[in-house]
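The following blocks contain the structures, represented as C-alpha cells.
The following pair of complexes shares a single chain, chain A, combined with chain B in the former and chain C in the latter.
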Partner chain A sequence: MNWKRAALTTALVGGPVIALLAYGMTRDPREIPSPLPGHLAPVFTGAVFAPGNDDGLRLAVGDTVRLAEHRGRVVVVNFWASWCLACRTEHQALSTVARNYAPQGVKFFGMLYNDETPNGVNWIEQMGGQAYPALSDPGARTAIDYGLYGVPETFVVDQRGFVAKKFVGPVEAGEMSKLLDSLLLTTGAPNASTNAVAPVPKSLPSADTKR
Partner chain B sequence: MMVALTAARRAMLALVFAVAPLLQAAAQSDPAPSAAPQTVLVPPAGVDSVLDARVKTVASRLRCPVCQGESIQDSPAELSAQMRLLVREQLATGRTESQVFDYFVQKYGQWILLEPRAEGINLLVYWLPILFLVLGSVGLMMAVKKWTRPATIAD
Partner chain C sequence: MTRILGLAAIWVALAMAVGGIVLSIVGLTRKKPALVQSAFQTIYVTFALLSLAVGAMIYALVTHDFSVGYVAQVGSRSTPTFYTVISLWGALEGSILFWGWVLAMYSAVVVWSNRHRPGGLVPWSGATLQLICLFFFILLVGPANPWHLVSPTPLDGPGPNPLLQNHILMGVHPPLLYLGYVGMSVPFSFAIGALLAGEIHSADWIVLTRRWTLSAWALLSMAIIAGMWWSYEVLGWGGYWAWDPVENASFMPWLTATAFLHSVMVQERRGMLKLWNVNLIVSTFLLTILGTFLTRSGIISSVHAFTTGTIGYYFLGFIAVCLVASLILVAGNSEGLRSEGHLDAAASRETVFLFNNLFLTGFTFVVVLGTLFPLVAEAFKGVKVTVGAPFFNKMTIPICVALLFLMGVGPALPWKVATQQQLKKMFVLPSVVTAVIIVLSLVFGMRDPYAIGAFAFAGFALTSNVREYVVGAMARVRAHGEVFPVALVRLVAANRRRYGGYLAHMGIIMVAAAITASSSFRYEREATLKPGQIMPIKGDLSVRLKQLWGRDEPQREVVGADVEILNGMNVIGMLDPRMNFYKSQDQPVPTPAVRSRPSGDVYINLMAYTPDGQSATLRVIVEPFVPWIWFGGLVVALGAMISSWPTSRREPKSVPYVTTRAVPVGVPEPAFGNAGISTATPSSLPPHTS
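Let's look at the complex of A and B:
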C-alpha cells in the first residue's frame, strides 16, 4: 500500500520533471527566436564602401542606401564581417543568387558588422569580388536594430517592407532562390494594389526597373 | 537554482570589479569613435551620475547576445559596449527605462531580458515556487501528524 503510494507520487512528481528536461533536450539553447519576421523591417541608412561588381546592383562608394527607398522591391540584407568564417561559406552563393535575381529588381546589400571597412574591402577582394554593394554600420546601430547576435545573419524584406525571413548562419543558394521566387510570385502581381494600401514614400520604383 | 545563480553572479561581479578599471577604459575607448557622428548630445560616462546610474540599472538587466548568461553591463564584448551606448543615448534623449526595455524586446524578443517579465506563461516562474512551498509544507505537516500519531496511540 505504502509502496504503491510512493511509486505514484514519484511518477506524478518525477514524470513532469523528466518530461520537461526531455523537452529541453530537443531545443537548441543557442537559438534565439527573432521577433522580426512578419513585422516591418527596421529602416536603415548605410554608406556604400564597396561598390559590387554586378551591373544591375553596383552603387558608387560613398552613396547612401536607405531601406525606405526600396519599398516595392524585395531586399536582402546580409550581415557579415571579415573575421567571420561562416561568411566565407555563403559568399559565393549570395553573389550568385544576387546576380540571378538582379534583373527582377531584387536588391542585395552586405552590412559590415563590427569590422573596419578596409578589412571588408580586402576580404571582398580575397573572395574574388562580390556582386552586390557593401555598406558600413558604425556602432552596430543597424545590427542592434535587427536584433543581431552573430554573423552571418541574413534578412529578406518583402515588397511591403516586412521581414519575410531571417536566415541564421550560412545561406544556401537553393533555399534563398526558392524564397525569392515565392516572394516575387505572391507579392509581385498585386504589387500595385498593396502599394496603394500601404503608406509608401514618394518615389516608388517599379519592380522591373533596370538600373 | 536561484541561489546558485545569484552566487555565480556575485562571483562574476567580484571579477568585474577586480578588472573594472580595464573594462571602463575599454568601454570608453570602444564606442567613442562611433558616438562622434551621432547628432544627439549624450554626456559620456562619469559626467552625469544620475544618467550613469540609470544606464547601469537598465544595462544590468539586458542580456548580452554574444555571451553566456551575462548582462551587457558586465560583458566586455564590443556589441555590449555598443548596446550600452545605445541605452545611454535613448535614456539621455528622454526615453523611460521601460521604453528602452521595450525597444530591445521588440528587436530580440523577451530573451533579451535577464529577468522574465511577470506576465503570461512567465508567471509560472514566479508562482510555482510559492505553490510548491505551500504544497510541501502542507504535505510535511500531514506527514509529521502521521509520524507522531502511532506514538500517542502506543501510549
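Let's look at the complex of A and C:
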C-alpha cells in the first residue's frame, strides 16, 4: 500500500469532484435568473381586450394601459396564454388577490402572450371571468422586454417603478399577498433604502440578485 | 400492522448489515472462519428481510392501506391492480426500497454461489456489498422512509403519476434497469474485495468479475432499450433519446462497463491493462451512484427528476465515501497492477481494444461533461446554461461511427500481430460492402457524411462479424461433414463467449443503423381533419380520420380518434391515438398509436380536438426501421446471455476442431477466457480461429 500516492490521487481527483457536487447542492437548477428584480421595470403600453369584472379594476375594452402612468402604485403584470395549462392553476388565486388588494390601489394586468385575443376572451369566459383587465401584446414586445422564459410568469412592480419580484410558474395567493403587504407597508417611506423586497439597485445588472 | 412489519424488517436488516460488516472485518483480521460464515448468514437473512419488506409494501399497495405514507402518495382505488403493484417503483421511496431488495438479492446470490471459494475475496466483497446495502437501508429509515404513518387515514389516494400508469413497459423497463444498474455493484465489490484481500493479482477475481459484469451489462442494455421504447410509445414526440440527465445516468455506466468487457480480454490474455480495468469497474459503480445522485438530488434539472428532499445530501456523502475509499485503495495498490505484457504490433486485436477503450471512455467523458457542465459553468462563470442534444450529437456521433468501424476490425484481427495476408483475407469483403453502401447512399441522395459513415461502417462491421460465423461454420462443415445450420449451432455452443460477443455486436449494429435510418429519414406532417377527411403523408401513404370518441374508465377519461392508414385507396391499418385525462391531474396525457412494421413505423399522435367531435388535429410521423432498435436490443441481450452462460467442462470427445493442432477451439482454457484463439501460433491456424 502506497499511502503517499493514495493520498495524492484522492486529493487531486476526489476533492474537486466532491467539491463540485457539493456546490451543486447549494444551487437550484429550476431557478431562472432574471436581471430585472431590483431594476426599473421596462415600461409598456397595451390595449385592453377583456375588461375585468372587479369594479375597482375594470377598464373599457380598447383602452390603452401605460405602465408609466401607474408610478406610485404597486402593479402586478401576469403573462399568460389560453394554451397554457399552468395558467389555469393560478387563475383563481390571481383574481382573488387582485380583488382583495384593489381597494389599496394595487393594479393587476394580464398580458396575453403568443396567443389570439379571441382565444383569450373565450378562455376568461370558460374560467368564470377574471377580476382584472387583460391586455394584448402584439409581437410579444412587452414579453421580450421582460425577458419572458415561458408562461405563466408574473412581475410585481413597486411604487417606484422597480421590479420587486418575478414569479416563475403558478402564483400562490399567500405568497403574493405577503409580498404585496410588505410593499404597501413601505408606501409611507418612499425613500427607504432598506426595502427588504426591492433592494437598492446595484450599478451592475447581474444574476447575483437572486442568490 | 403491515406498516410496522415493513419498517421493522428494514430496521432489523440495517442491524444485520452492521453486524455482518463487523463480523466480516473481525473474522478476516483475526482469522476466525466461523465469524466469516456468520457474516454470510447475515447476508442471507438481510435478503429475507428485504423480501419481507417488499412483500409488505406490495400487500399494502394492493389492499389500499392508505395509512402507509407511500401508499397514500402513489396509491388509488381506481388504479388497475397491475399498475398498483408496479407503482412499487413509481416514486422515490418505493424505488429505493426496490433498489435495496435487488441489492440484497445480489449480495445473497454472490455470497451463496461463491461461499466455498477459498481466500478473502468473497468475504471482503460480501462486506463491501453489505456496506452499500447499509447505505440504502439508512435511506429507507431516514429520508426515503416509505412507511411513515399517515393519520388520519385518507379514504383514497391520487394514484401514480399518469405517465407511469399509461403503458405496460412501466412494468418492464424499471425492473430491468434496477437489475442492471444495481448489478454493477457486484463487480465493484469484487474489485474492492480483491484489493482488500490482497488478491488483486490473481486471475481468478477478474474472471468472476467479468461474468457478473456481463450479466449486469446485458440487463442494463435491455433496460436502456426498453426505456427508449417506453418514451417512444408514451411521450408522443416520436423520439426515443433526448440526452436527458436521467438517460445519461443509465448510459454512462453502460459505456464504462462496455469498455471493461473488452479490455478485460486483454488482461486475461496478455496480462495488460490491470490498473485500467480496476479503474473501469470502480468508475462504472461510481457512475451509477453519481447518476442516481443527479436525478434524486435535483441538482441538475431534468424532466424525470424525482421530487427533492434531503436525500441528495445522503447520496453526496455516499459518493464521497465510495470515491475516496476507491481512490485510496486503487491508487495505493497501483504499483502491483503493472502490465505484464506490451503491444506487439499496430495491427493486432489488442490495439483495437485499446482504441475501443479510448473511444468508449472518450464517449463517457463527453456524456459526463455534458451532464455536469451546467454545474461547472455556474460554479466558475456564474452563468446558467443548459446542454442539449446538439452538443451531445455533435460530440458523440463521430465516436459512434469510429466504434462501428472498430467493431468490424476487432473480431477479424488476431492477437499479437496480423500478417498482411491475413489482413487482406479478412477485409476484402467488408471493404467491398462498405464501398457499395457509400455509393448507394450517394445515389439515393444522402449527403450527411456522418449518416453515410454510420451506414457504411455498420455494413462493414456487420459483414465482418457475420463472416466470423460463416467461416467458422464452413470449417466445421468441411471437417465434420455437418450440415451448415448444425455446424453453426455447434460452433456457437463450443465457443459461447466469442460468438456471443459477435452476436452482441450485431445487435449493436442493428441499433446503430436503425437509429441512423430513423433519424435521417424521419418525416412528419400535422393537420386538422374533419371526420372522413384524408391527409396525404408521403407517396401513396395517407391517413383518414374516421371518428372521434370518448370513454369513461375508473381512473381516467379517454378521448380517442379512429384513424385509418391508407395506401392509395386501400385501408392497410387502423390506429387509435388517444388523450388520457387522469383524474389526479389536469394535464392530459397524450397516448400515441404506432403501427410497427420491419420497414418502419407510422406514429400518430392526437394533438387536439374540438369537444363536439367535429375535428381533430393529428400529427403523423413516419420513421423507417425503428422496430430494429428494439429488436437489436434483444439481440444484444441474447448475445450477452450466450456469452455469460457458464461453460461446463466437457469430455474430450466434444472437441470440435480436429484440424487445429495448437489450442482446440471451444475447449476452455482453465481460469482464462476461451476466446478460441491460439496465443502460440496464430498464423498457423485457419482464419476462423484467429
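FYI, the second predicted complex is superposed on the first by the 167 of 211 C-alpha atoms of A that agree within 3 Å, B and C clash if a C-alpha of one lies under 4 Å from a C-alpha of the other, contacts with A are read in each partner's own complex, and residues count from 1 in each chain.
The rule is short, and it goes like this: a residue touches a chain if its C-beta (ideal position, glycine included) is under 8 Å from a C-beta of that chain, and two chains touch if they have at least 3 such contacts.
This structure is a prediction, so every number in the text was calculated from the model and none was measured.
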By the touch definition at the top of the document, which applies to A:G24: first (chain B), second (chain C), both, or neither? second
- Query: Of the two partner chains, chain B (first) and chain C (second), which one does A:T89 touch, if any: first, second, both, or neither?
  - Reply: second
Which partner chains sit in contact with A:G14 here, chain B, chain C, both or neither? Use first/second/both/neither.
second
Chosen between chain B and chain C, the partner touching more chain A residues is C
Practice prompt. For A:W3, decide between first (touching chain B), second (touching chain C), both and neither.
Written response: second
**Request:** Using the touch definition from the top, say if A:P33 reaches chain B (first), chain C (second), both or neither.
**Result:** both
Both partners, chain B and chain C, contact chain A at residues 32-33
Contacts from chain B onto chain A in the complex sit at residues 31, 33-35, 37-38, 65-66, 78-79, 82-83, 85-86, 105-109, 111
Seen from chain C, its contact residues with chain A in the complex are 290, 293, 297-301, 312-313, 316, 319-320, 323-324, 327-335, 372, 374-376, 378-379, 382-384, 586-587
Within the complex, chain B is touched by chain A residues 32-36, 42, 114, 138-141, 143-150
Residue set of chain A touching chain C in the complex reads 1-3, 5-10, 13-14, 17-18, 20-25, 27-30, 32-33, 85, 88-89, 206-208
